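Here the structure comes first, spelled out in structure tokens, and everything after it is commentary.
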Amino acid sequence: MSQVEPSRLGAEEIQALFDRSPFIAFMGLKVLSLDHDKSILIARMPLRPELERRPGTRQFHGGPIASFIDVVGDFAIGMLVGGGVPTINLRIDYLRPAVGYYVDASAVVRRAGRSTAVIDIDVCDPDGKLLAIGRGLYSPVKG
Amino acid sequence: MSQVEPSRLGAEEIQALFDRSPFIAFMGLKVLSLDHDKSILIARMPLRPELERRPGTRQFHGGPIASFIDVVGDFAIGMLVGGGVPTINLRIDYLRPAVGYYVDASAVVRRAGRSTAVIDIDVCDPDGKLLAIGRGLYSPVKG
Amino acid sequence: MSQVEPSRLGAEEIQALFDRSPFIAFMGLKVLSLDHDKSILIARMPLRPELERRPGTRQFHGGPIASFIDVVGDFAIGMLVGGGVPTINLRIDYLRPAVGYYVDASAVVRRAGRSTAVIDIDVCDPDGKLLAIGRGLYSPVKG
Amino acid sequence: MSQVEPSRLGAEEIQALFDRSPFIAFMGLKVLSLDHDKSILIARMPLRPELERRPGTRQFHGGPIASFIDVVGDFAIGMLVGGGVPTINLRIDYLRPAVGYYVDASAVVRRAGRSTAVIDIDVCDPDGKLLAIGRGLYSPVKG
């Protein structure tokens, strides 16, 4: 008989938490898929006009890209502990301009210890081209 | 007679660039002061409901804090070269929850080389308590 | 007929450069393998007593781990351009104490642009357990 | 009557811990001064031939600079809690080549919480020119 793990969140529960957070809801993040065993969470951020760097360019400002990385990394560990967790620090490398109608992020837990978790996050455009990479340290305790 | 440096931006010019960028305008950033000789730029981000982590808490989500740090750091070097510049990479350390009606950021150029500039950014609450610190590497070329 | 790429370094050439650098030679780094097409370089650092954090513990100090990450990341891009390159910045996350007779590092180029290259570096113990991860920004010009 | 704080380390005690660690002793680090109330620690690293990037250049390799930053940052919080502490993560920005007979580092605690401490570290040459800056997250518990 499988062990009950009530703290794990499914895609619908994460989406509900996204929609309840004013800022995440504003960004319009959508959960695409997740894998608890591999500790991977994938989500999408559509371009809305307020996220543009310059009007009409369809280029995301770097701020929303950093925010997207933060949130997807957060819930890659958060989905294992039952909710969003505090970010301790965050590192973003911008590799290419993020131009397009949406971007996708894939976050994977590299190490989950008792007091910290390290998550890697890749952001790609619709063609799978790498746009930015993030690495975050999170507190693995529901905040 | 003083040398003409047409690439330098004053507070009103930076504010105009802020207002023209859809994302920076959405965040509502206001230039407070600047010092070209000390390479310091100070700005404010008021809380608007969409920036909250959870509704009604007056706590800024970490994403807007990271975005605010990115922008103020960017224009600390950008004000010397005539406009916003590409962010190469960024580190954010979250020190305390950012709760309140606004936060202020102060960015200082630590080193401006020919191909990169390193900027430190402190974010404080209205009482001057340090909430988050950022360090960013920027390309010192108007992007 | 294949194109001549005189700037590419083979394993023996990298090893010769390692041995010629006083600090890298002191650390005793050994090239294990490389793949130019995948932009991957793998190397080993044996424990020598001077690298211990505390005497007799066989635990590497974090400084040599950071140094090892820096060098292997450096030559992952350097092997493509003909020599060691300047490190612009470096991020290290320590995941577990590094205890043992040697550690291995694997570096992969995530993005090589004209003016910067981003490299990810994983450090493992002899059992393949992840000890530390690094991410470095390098200037892709022989320094 | 002043409160006894037995966990605080003076300059001689830190120097003794430096000398007892094989790697720190190898680097030859010397405590120059400290201020518990301002949480500042200043130390020196002399050039020894094994620390050179290339023989005879008097340029420190970036690895020893990163290691120096790590150690001085570590003991800026460690001097308040009674010993060296685990480094969680570290960012180094290299600003200028480090050439000379010694370099000095000054570390200041930006924030000491219950489970993490953030430290900033500046490395200067004998003329006070800034060579590299570091920012580290440490566990504020004697390790």
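By written order: A, B, C and D. Residues from 1 in each chain.
Throughout what follows, contacts are C-beta pairs under 8 Å (C-beta built on N, C-alpha and C of every residue); 3 or more make two chains touch, one makes a residue touch a chain.
Just so we're clear, the structure is a prediction, and the values are computed from it rather than from any experiment.
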{"item": "Smallest number of contact steps required from chain A to reach chain D", "value": "1"}
{"item": "Most remote chain, CA-based centroid, reference being chain A", "value": "D"}
{"item": "Centre distance in Å when chain B and chain C are each reduced to the mean of their C-alpha atoms", "value": "34"}
{"item": "Mean-CA-position distance for chain C and chain A (Å)", "value": "29"}
{"item": "Approximate Å spacing (C-alpha centroids) for the pair chain A, chain B", "value": "23"}
{"item": "Junction residues of chain B, two or more chains touched", "value": "88-89, 91, 93, 137"}
{"item": "Footprint of chain A on chain D - complex, ascending", "value": "88-89, 91, 115-116, 137, 139"}
{"item": "List of chain D residues in touch with chain B within their complex", "value": "91, 93, 95-96, 110-111, 113, 118, 130, 133, 135, 137"}
{"item": "Residue ranges of chain D in contact with chain C within the complex", "value": "20-24, 26-27, 49-55, 61-64, 66-68, 70-71, 84, 86-94"}
